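You will see two complexes here that share chain A, one where it goes with chain B and one where it goes with chain C.
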Partner chain A sequence: MSIIETDKKGVYTYIPSDQEEMYRDRQAILGLFHEYTAYQSDITDDDILVDDSSISEILIRVDKRKDYFKIFHNKTDIDELKEAALIVYWLLKFRPFSVSVSLPEIAQKYVDINERFALFLLLGAVKRAVDMKGAEFSLKNDYIDLLGYAFRYWDLSKEAMMLVAETLYAAF
Partner chain B sequence: MRKLSEALNMTLEEYKDEYAQAGGYNTRFNTNHRLGGLFRDFLADGCASLIKEHPDIVDHISGKQDKEVE
Partner chain C sequence: MKDLFDVLSDFLKSDLAKEIYIQILVFVFVYTIAVIAVTVFGVRFFMKVEKTKMRNKREKYKALKSEVKRLKRDNSVLEQENAALQETVNGLTQEIHKWKSASNASALEDDPALAQYVRHD
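Showing the complex of A and B:
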């Protein structure tokens, strides 16, 4: 846990993860984004811009929420699906990735790349959890479209995002 | 449930007794359970298996099935 009492008056302060841990998490997110965009034939890594400070913000905010769970939910660890859902939530808030290309048609195509990547991460996490319980994962395109629409235009809270992940998991 | 008038008149001792009888903080709906391993691996394995076993889903997410931009 990274919240410590900094004085004897009951004042607690959040201490972010050390830089090495932050770096490993950052690399993991960027690596997954790279895998996701490798699917695209009309852009390369050089066309993609990453806001590093937003990536750090995302990691710190997820880390803080993990502490929140430990403090307010009897020292329990947040489960992986909730953690993935939190990353997705903050990805949608901070939108750290953008595509910078000269062709407006291509720029327009990738205007929602953060939302699509978030969807990829969420479904990847659900897939992993479903695999672990030995069930068969599948989804209809209609549902993927609905979720993608919700990511773009709806106001989904952190709790709603966690519920989406766990409900999907429970459905298999 | 109790009437507001009763609730307003509840003493601190009554409140403490009732709280203790209820078992304190309610964690009945706490379903957190860590599946195990490093979260980074969990997410990476999940995304990799999604790509490997369900390329159609990844295609759909990425919009690859949409009309290609020339």
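Showing the complex of A and C:
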């Protein structure tokens, strides 16, 4: 846990994870993003700009939330699905990825690359969890569209995002 | 009786004949000089006229050549502008097409990364 109680009055101070752990988590997110972009034939790695400081911010905030769970929920660990939902929430807030291409139609297509990647990440996490319980995960195209629309235009809280992930998991 | 040859011989030996002879020589000399002078000045005049004509032609050719160059340059600029405009028109056409079909088509259906989660009933 990276939050310590600094006095007996219930005041806690957050201590960031060590650099090695941060680097590993950062590489994991970039690896997933690379997995997402590998599906896209009209952009290359050179077209993608990554804001490293935003990724660090995302990791710190997810880490803080994990500690929050431990403190306020009887020292329980946050499960992977909730953690993925949290990452998705902060991805939508910080929008660390952007695509820089000269063709206007390609630039227009990937203007919402963060939302697309967030959707890919959330559905991937749910699919992995569903696969582990031996079920088959798939969704109607309309629902994926609706979720994509919600990521772009709605205000989904962290709790709502976790609920979406858990509801999807429970549905299979 | 003196014959015609003697008369002629006497005349040629006279002072009058010598004077006529000198006058003829002077006339021939002056005439030759005049002809040479007129020829020289005439040739020089015509050469000058020809040179002026050639210079005018050359200048006209140069002007036309630079005009052709300018027109070619303008043409290539216009061709580039035309290509850029055509590209913009194509982009706008595609954009219009996309917006027109937006009501029916899914915004994410062309994303192969998300297509793997779609259920095909």
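For the reader, a short list of remarks on this structure follows.
Just so we're on the same page, the second predicted complex is superposed on the first by the 165 of 172 C-alpha atoms of A that agree within 3 Å, B and C clash if a C-alpha of one lies under 4 Å from a C-alpha of the other, contacts with A are read in each partner's own complex, and residues count from 1 in each chain.
Please note the rule applied: a contact is a pair of C-beta atoms (placed from the backbone, for glycine too) under 8 Å apart; a residue touches a chain by one contact, two chains touch by 3 or more.
The model shown is predicted, which means the values in this text are computed figures rather than measured ones.
Considered on the superposed chain A, chain B and chain C are sterically incompatible, since they clash. When the two structures are aligned on the shared chain, A:Ile78 is found in touch with chain B, with no touch to chain C.
Looking at the shared chain after the overlay, A:Gln40 reaches both chain B and chain C. Judged by the touch definition given at the top, the superposed model places A:Phe137 against both chain B and chain C. With both structures placed on the common chain, the touch criterion links A:Arg65 to neither chain B nor chain C. Once chain A of one complex is fitted onto chain A of the other, the partner contacts of A:Arg128 are limited to chain B, with no touch recorded for chain C. Using the contact criterion defined above for the overlaid structures, shared-chain residue A:Glu105 touches chain B and also reaches chain C.
Note on chain A: of its two partners chain C and chain B, the one contacting more of its residues is B.
Residues 36, 39-40, 105, 109, 116, 119-120, 123, 127, 137-139, 141, 144-145, 148 of chain A lie at the contact with chain B in one complex and at the contact with chain C in the other. Note for the complex: chain A touches chain B at residues 24-25, 28, 31-32, 35-36, 39-40, 42, 69, 73-74, 76-80, 82-84, 87, 103, 105-106, 109, 116, 119-121, 123-129, 131-132, 137-139, 141, 144-145, 148, 166. Contact residues on chain B toward chain A in their complex (touch as defined above): 25, 27, 30-35, 39-40, 42-51, 53-54, 57-64, 66, 68-70.
Chain contact summary for the complex, chain A toward chain C: residues 36, 39-41, 104-105, 108-109, 116, 119-120, 123, 127, 137-142, 144-145, 148-149. Looking at the complex, you find that chain C touches chain A at residues 91, 94-95, 98, 106-114, 117-119, 121.
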